[in-house]
Each structure stands twice: as C-alpha cells, then as structure tokens.
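Shared between the two complexes below is chain A, which has chain B as its partner in the first and chain C in the second.
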Partner chain A sequence: MAACTVYSTLSLKTNCFISTPSSKTHYGFHHKQIVLYTTSKRHNKRVNNPYVITCAASDSQTVVIGLAADSGCGKSTFMRRLTSVFGGTAEPPKGGNPDSNTLISDTTTVICLDDYHSLDRTGRKEKGVTALDPRANDFDLMYEQVKAIKDGISVQKPIYNHVTGLLDPPELIKPPKILVIEGLHPMYDARVRDLLDFSIYLDISNEVKFAWKIQRDMAERGHSLESIKASIEARKPDFDAYIDPQKQYADAVIEVLPTELIPDDNEGKILRVRLIQKEGVKNFSPVYLFDDGSTISWIPCGRKLTCSYPGIKFAYGPDAYYGNEVSIVEMDGQFDRLDELIYVESHLSNLSSKFYGEVTQQMLKHADFPGSNNGTGLFQTIVGLKIRELYEQLVASRAQSPVKAAKA
Partner chain B sequence: MAACTVYSTLSLKTNCFISTPSSKTHYGFHHKQIVLYTTSKRHNKRVNNPYVITCAASDSQTVVIGLAADSGCGKSTFMRRLTSVFGGTAEPPKGGNPDSNTLISDTTTVICLDDYHSLDRTGRKEKGVTALDPRANDFDLMYEQVKAIKDGISVQKPIYNHVTGLLDPPELIKPPKILVIEGLHPMYDARVRDLLDFSIYLDISNEVKFAWKIQRDMAERGHSLESIKASIEARKPDFDAYIDPQKQYADAVIEVLPTELIPDDNEGKILRVRLIQKEGVKNFSPVYLFDDGSTISWIPCGRKLTCSYPGIKFAYGPDAYYGNEVSIVEMDGQFDRLDELIYVESHLSNLSSKFYGEVTQQMLKHADFPGSNNGTGLFQTIVGLKIRELYEQLVASRAQSPVKAAKA
Partner chain C sequence: NLIAVRAAPDSISEKVEESIKNAEEACSGDPVSGECVAAWDEVEELSAAASHARDKKKNTDPLDAYCKDNPETDECRTYDN
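Now for the complex of A and B:
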C-alpha cells in the first residue's frame, strides 16, 4: 500500500480536512478514505496497523464532550445516564474486540482515553511511569483522531486492553453526533482541550474515594486496608500533578464530598455533592435554585416533606473557582422517596428538561444505578440534559450558518 | 342623674349588649345611650365623670387588633404604617383633649391602653407599683369598653395624660371599622384577649432596647448612661412578669435583635428582625420565602444586587414558639436602595398586597419613618397588609352570614 508523508494541513472536499500531523505519522489516500499508519516504536505489538479516516457523509460536525475522572469514580454510570437522556442504549461495537472500551448508541459514541496509552502495562513497569503520567499517553494521536472525528472523518482508534494490559489492534470509530472522550486526560493537552465543546470533571474527594475503594476493593475483591491505602498513596503524586489540575478547565465539575449533615462522618455513604458550573460558556446556562445569582440554602424537609435522618440540604450561590466565575448548586444528603425528588426538581430552574419531571423520570428509570438517591445521580442527570441542549443548540446554529460553523 | 346598678348581662335592641360589669360600675339608660359612671375611689380626680355608650348604627362589628409593646418601641410608627395601608391619615380626635393618646382615621381608631391606668403617676408612687403592674390598670373597664366598641357601642374612654401623669376627663370613642388597642397589656387579661381578632407583639431585645434608649435618652434628652441603665433595670422585673409573657398569645411577633452579620456588634444600628407568624390562625396566611414550609436562607446580594457591607440576609422556616407551630421570616441587615426592596418583595409570597410592589410603595411613601430601610419597617408594613386582608375577609364572611357572625 502506497504511503506518503504529509507535513502541511490538507483540506479535502466538503468539510473534511486534516491538520498538521506529528512527525511520525504517514498518510495515504484512497477515494475519500485516509489510511493512517504509525511507525512509532512505542507500539511494539501493532506496527503498521493502518488507521482509516473517512469523510463524513453529512455536513454536521460531531459535538465533542470531555469527561475527566479517576478510574472507579463513576464515569461509566455517568455515561449510561447521558446515553439514556438521548433515548438509546450504549453497547460495545458489534463484532469487534470483546475487550473494547467503546460504547456506541444512536447518538453518542463514548471512547475511553486509556486507548491512547502509548505504553502498555509492561512498558509502564519498565519505564517506571504510571498510567496517569503523560509520558504513558500519546496526546498527538489523541488530538489527531479526536480532531478527525470532529471533522466528520472515521478513524482506527487503538484499544488498550484492561484485562491483558496490552495494546490490541485498533477499531473503527465513525463520527457520531456526540463524541464523549472519557478518561484521565481529556483536558490535559491544550490541543485536545480546544476541540471540546463541553467539558466535565468528576472530582471525588480523597475521603470519599477512600471509602469507595474500601467498599469495592476490600469488601468485593478481598484486598487489605493497607494495600488500598498504599495504592491510593502511590497514585497521589501523579494524580495531583497531571489529573487534578484539569478541573480548572472544566465547564462543569461534579464534586463529591463527605456529608456535613452528620458531624465527623467518615462512612462515605451519605454524600455532599456540588455541581460547579462555569459562567459565560456558550450554549450552557447554569442551573439555579430559586433566585439566579443569589446565595441560598434550602432544607426542603419541613411541613411538606418529611425526610429521615440526616435529611437533605441544598445550597446555591455564585462563587469563584480557579479564577473563573461559577455558580454552584449543592445537595447534601439523600432522597428517601420519589416525591422528594419531583419536589426538588420543581424548585430548580434552567434544568434544560423537555417536560416537567424529566429529571425525576430519568432518575427513576435508572434507580438501580449507583448514586440515584443522591447528588451524584441528580447532577449527572442534569449535566446529561445540559449536554443534550448544548448539542441541539450547536446543531441549530450550524444549520443557520453552515459556512461560519465549518470555520469555527 | 339617675343611676342603677346592674349585675346581669343586658341585651339591647339590634346587636348591642353589655356583659356583666364589675361590681363598682353603675349603669343608667337614656334611649340607646348607656351612661356609665364609676364610683371607684382610685380615680380621685374624676369621680362621677359619666361614660356614654351608644349603639352602632350598622350591623357590622368592629374588628379588634391588639398590639403589645414596651414604651418607646415603635408602636406609633407601626400605627402610622397600618393607617397608611388603609389610605387615611391618623389624627387625634378633633376639638378634644390635646393630650389625647387616641389616633383616628377613616377606617381605624387606635387607642392607647395607658388610658386604662387605674392609678395616676402619684397613685403609683404612693403604692409603689409601676405602670407595668396589673394593679395599676383597670382591666374590667378595658374589657367592658373594648367589648362595647366591638359590639358597635360608643364609649367614654378615660384619658391618661402622659404630660401631667394625671387621669383626664374621658373622650368619646365611636366604633370604628378597625379598633387597635396598643400598649403594655392588650393580651394580659384573658377576657380582653378573647376579643382580639388579631394580635401582635413587638419584641425588642434587651440589647437593642438599650442601644435605642441610649440614643434617645442620652443623645436627645441628656440623660446619663447610668440613669438609663438604672431605669431599664428597674423596669425589668415587672416587664418580665407582666409584659413579656403576652407574646405567647400573639398571632404575630416582630422580634428585633442585633445583627449577626457583624461579629459582636453592639451598636444596635443594623438589626436582625424576625416576623414570627402563628400557623392555623383564621384569615391569616403567613408570608413565606420561595418554598412554603421548608427552611431557607437567602442572601440576595450577588450578581443582580450589590449590597454594601454588611449586606442583607433573609431566612425562612417553620419553628415552634411557646408550644405553637409558627413560620418565621427573618431579615438581617438593611436596604441601600429602592430596587433592592422591590427585588426582595418579588420573592416573598402570601404578602396580601393588592398589586405587585405595594410593600415597596408603602415603604417608599414613609421612607422618613424609623426602620424604613430594615426589617422593622418591612414587617410592620407586611403586618399592615395582613390586617387589611383579615379585616376584609371578616367583613365578607359576616356579610355572608350576619346571624352567625353576630353570635361569634
């Protein structure tokens, strides 16, 4: 197969184009498909696996959402909630690698950024770097492929096999309506970050992370308390250096903290969850409680709702977050019953729901998902509605001025 | 003039009747007028001054409002605000005693319960009792006359002259649409209490009372700090024994406290004011903030309103007060500007206003009254609207079932 080296930006017909590739990437052309090889020595097991890039049939661009979080922090639950908002069910690519990390529905494709690990498990051990370390990840390829998809071009995305710890042969990713890139580094690389139409950071506090890990790794997997502590401590320096700083770029942060309703609680079962929403983001209008821009606390348990101990407390207000103006909605505690949720929903504004009670309906539909009775589920669902609205507004604005949108 | 002693309840024609008088009261009849003497030896200066009681022309009963508060605690400002809600101006009775304590407008008549002092200043000194002591007040006469007015009968009410400290000859009080009895003991006597259609207690905390007295008595009247302290201390035992306990009976309490926005504030200039509203009172629907029955705090200063230091903070929630279920609206801080007040008004519900902005309009109209920029003015105005609504509802319900109403 013929291959040529291209260093300049290539504009294809219609809305397809490719930006400057990394120095080690070679392109070949076949009709409207672009075959993309890497000759990188980092990829021991798949040298010369071709990446096929195809132009999209339609003029509509893919909307790209970034979701950052540590592993085991509820990203997959969030993705299931998001997909559900669009009415579909997310499934792995049909007939592909059974260990694929990708989830595809009618509207959304969720890819896991672990697939851009440049070092497999053995490689990381040899070099003494963690998966959190940027040196274990190929940001050039991540950028190129996300950009290609955004521009309507299919790509052959690598697969990192979490079972074997190896880099498997790539899978074809066609441009969906909404591409979600989820993982450790969606906002780390400035080029990738600039491709995002909306970005979310799931920020689980150390106390809660510890409580969750204990529950999962100790109770379900038989790990010792010491080994769990050691594993968290070992990850911490890289996490603080490379993952945590991304939250300053997020349009929305879901922060999960221990409850303040029970003094000195360290069970980590009852959660205080904050939805930190950046102001001034196009097509994103922050949710508020009662009075936009003021500072409010609200305990809905009273004459109308009787909540069991320790109750539920909401808060809302403007704040500053990494130098950005934000609005924060907070929920501490958990729901006992359905009518509590619909009651709360009726007092939140700017929910981006399509009918009264949609948030409650979504939460009830997935009552078995983790966090359905607390702020994690509530705010994930709300962010899902926000993303749907953002998508619809972007599509509408592009339909109005396609030339302008293609240039944007 | 003929006089007869009556011990039984007398029912007059139409809706007039008189209940059992005290053993020292004598009645004489002249057409539809009742001439009432007292032969009490307590009233040295006006033995045989006749009290004339006349039947009301209409069938509508007078609505009676009780307002309890210590002297110098803003009762007169409150009364001016209340009168203003009904559109009139309150003035002393025309051509009467220039030292009369009564204020009359088209709709309301405000009488001061000091007029029912049974001992004048000299008498109190001789017996060693304060004006706060029930023994210095004639509750039998208070009850009889308030009852008579409520039943549509004019009375000759005594006058306590605050300038001379003497009991002056009485003045004629005709039954108004609304009678307000204001003073130290409107809810002390169970019989008087039962006549009240609505009752209010102005509860000024000791810290604020002290700050106010210092400002008035020291700055304006040249009293010394020591004499002010001594005067407050001297009143305290009787105040605690006879005045303060009345607040348990009040349908609404306006509680005035030092601000909590400034730590350790003792200036008494910025106030935290609470409107404590009893639940389950007929024709009185408590004001609430955002969500009826829940617990809320609200700082309206934010993106829309910029408040100067120390800002404004509202709170709302259900509570218990002397064993009664109440709803409390609280305002801490003060308004800088007009738009702040209209903004606050737009977020309060159940205000009983007749049009949007009526509270703000009333407050602006009397911007020169004390407390117009803080919770005392706001809650006095709101209580005024509440009384107007209560009056209109009572009148409407009586019009629907006049027989039932006359018996009630």
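Now for the complex of A and C:
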C-alpha cells in the first residue's frame, strides 16, 4: 500500500483533496506544493488506485472589495452599513495602536489606504505634494500586501497616524473572509485594481462636498467659510488628476448631486443620488425599477406614500458611462417616514435581499446614520446586499472547482 | 436656548487652528505653489481627524458608559429571559 504525505508550503489554510478515480493515472501537481510518496515495498505488482491530489485554496479565500472616495465624503458611514449587512459590528483591533485605522468584524476587515503613505505629513510638506499625489503613496507595498492577504497570508501593515501625521509601527492583518480597502487610490494602480473582486466609487459633487464640509468644520475652532473653500480649491487640481479618473473603473458609482426638485437649492440637505451600475460584471446583476432596460420616471408620492415638500422622484434607465454600458437608478428627495420605504423597496427588483423588506430593515437598524432618509443610505445599503451576493457566489464557485478538477 | 457644540479633543482642535494659520501664511506668497497646496491638504486631514474624534465622543450615551463599568447595578441589569 502506498502511503502518501502531502506537504503544503503555501499556507495552512489550503484544502487538499485526495481522491481515487478508477481509470486513468492522473497526478495533479500544483505549484508551491511538494508531494512526497513513500512506499513500503519497492515494487508493487499491482498499483491499486492511483491517487489524485487536488489542492485549492480553502473556501475562506479572501474576497477583496475596493472603495474610493475623498476624505469627509461618508466612507465610514458606508463601511458601517456594509459590515452591518454581514452581521456584527466593526471595531478597531483590540489591544493595538489606539490610532489604528483598521476596522475588524467577524467577516470583514476594512483597511484604510492612508496606511500606505510613503511620505508622512512633514515629508509631504517638504516635497510640496498632497496625500492625493501618487508620489506620496507606496503602491508596490499596497499591491504586495493586498495580494498576500488575498492568497491567505497575514501581513504586517504600517499604520498612518492621522493625529500625529507620522507612520507608526506596523500591525498584523490576518486574512479575513472579506477585505475592504478604502481610501483615495484603491483603483489607481493597475496591479491593485486587478486584485479587486468588486469596486465602488463615491462621487460627491462639488456643491454637496462644500455643504458637507461646512457642516463638518464650522464648529471647529479656526475654520471659516474662506478656509473651507480654500482647502477644497487647493486640493482640487490633484483630486481631478489622480482621484476622479478612477471612477471609470468602478463596478458601481454612487453619485451625489444637489436636488432638482427645488430650483437653485444650495443647502445640500436634499440630495439627488444616482447609483450607476456597470453591466456585464460577473456575479453582479444591476438593480432595476419596474422593467429591466426601460427608461422610467416615477413619483411614488400619493395615496400610498406620504411626502412633504419637495417630495420624492425616482428615475431608472440604461445609459453610457465612460464608454461602458450602465444601468442607472436615481432618487431625488427624502423620506419623511422611514418605514414607508417598504413601498419603494417593493417596486425595485434584483435587490439581492434574502427576504422581503430586508433593505428597509437594514435602513431602520441605522436610522441615526447620516443619509438614512435619502438616496445615499438607500443605495449604500443596496450595494451592501450586492456585495454579500457576490461574496456568496464567489465562495460557492470556488468550493465547486476542486470537484470539477477531480472529475476532469 | 444654548446649544452646546462639542469640540474635538483639544489637542486636535489646536492643531487644526494652527494648521489653518500656517496654510494662510504659506499661501499669501504664492497661491498655487506646492507648499500652499500641501498646507491646505494638512488642514483637510486634521479636520477629518477632528471630526472623527468628535463623532466617537458624541456616540457615548452616559448610561451606556456607566453600565459598561457597572453591569451589576439596578439600572443596568439585563436578562435575556
């Protein structure tokens, strides 16, 4: 009888299946695997069954999601909604650096790409570059570490401390089920972009960005309208050159614009939000309103939905976005009563929810988050459900592949 | 009625104030220089950090904070069934 020993050098997380097909002699050797056979007798007269060894990464192989947005544009709210869809809350790593930017939950680990700054705050000042500039970021390290995590290997990731502006000693990041990389440049480097299983871009229009930053900063000492404006203006050339072009690569773009329901509104309180979904992306089927592929404008306010001024308006239709075919769902206005969202939810199809009312329930769970009464919260929640479905499909297809390989 | 505006921890607040002053100085000479742009970028980074710190502070309910340390007291005891 042949005794078979399999040594895996890749990681302890790989699954190896040993099967015994009846006919052909078939040895499946995979790179980075050392297979040693030891036989008790030198010459077996009959080799009973040849062994086929198929090795695949375990079903917990990491799915990588990229989220691009400027600072102060609601990335953290989006992250909290996303981790909530998977259950559990995201918390900073326990017992580590108190200024760590990482968030860890049972299934998801969120890392902030500011941690890959190659220049710290003083370094950028000396060179006269912003954090938006690719020269201030180490894309080689970003690629290596994201790739390692995707392959199931833990890494020592640096920490960029936002309070001191210095690069702190690294922290250990273990491969999670879902890795989210969020920051300014998740889709900038082509190598990192190719590692992403799904990508999202949060596109906040200049008017809304200004209104949001006023809300955020006016209470802060030293800030004035002029200083907020100057800060946005100064960063704009780099933003347009390096951050904005990434949206062409995104599988989903959430665009936030001023409302069209109120003429000349510049308060930035009522928003027109568009969910731009790329067509033909594997494991991602866009959400639609009433009829897939038609162009529709819908005002749900009436007998069944209470709306105060200025009301709610939905739109849906196919379009082109940076040369790609896309489907766009748009919501303008805001909800007065969140529980009435169920009425809207029942007219949206392909939501990837597990039960009727899941979108509404998720929104109600976090009614206190910013954007819960308008399209930003609605579309962020929907994208969260889409990512869950994508993750489940990817895991299912990976679990099947070793079986297929053994049959071949 | 007075509404108390909760500010970020003072150390960050002071840093924001200082960075704005620096940025205004750096830009007085040349408004499109790398120096000026980097200075305003620093303001943005610190403002974001200050806002995150404020949010963290704001989200703690006084009773929740007390019950974390004193789960056995009358006002904090909860039973699943």
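FYI, the second predicted complex is superposed on the first by the 336 of 408 C-alpha atoms of A that agree within 3 Å, B and C clash if a C-alpha of one lies under 4 Å from a C-alpha of the other, contacts with A are read in each partner's own complex, and residues count from 1 in each chain.
Here is the rule we use: a contact is a pair of C-beta atoms (placed from the backbone, for glycine too) under 8 Å apart; a residue touches a chain by one contact, two chains touch by 3 or more.
Since this is a predicted model, take the numbers as computed values, not measurements.
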Which superposed partner A:G88 touches (first chain B, second chain C, both, neither): neither
Partner chain in contact with A:G222 - chain B first, chain C second, else both or neither: second
Dominant contact partner of chain A by residue count, chain C or chain B: C
First, second, both or neither for A:K127, with chain B first and chain C second: second
Which superposed partner A:V163 touches (first chain B, second chain C, both, neither): second
Contacts of A:G293 with chain B and chain C, given as first, second, both or neither: first
Interface residues of chain A shared between complexes with chain B and chain C: none
Chain B to chain A touching residues, read off their complex: 290-305, 317-318, 347
Chain C-facing residues of chain A, complex: 71-72, 76, 121, 124-125, 127-132, 162-163, 165, 213, 216-217, 219-223, 227, 230-231, 233-235, 237-238
In the complex, chain C residues that touch chain A: 5-8, 11-18, 20-21, 23-24, 27, 33-52, 54
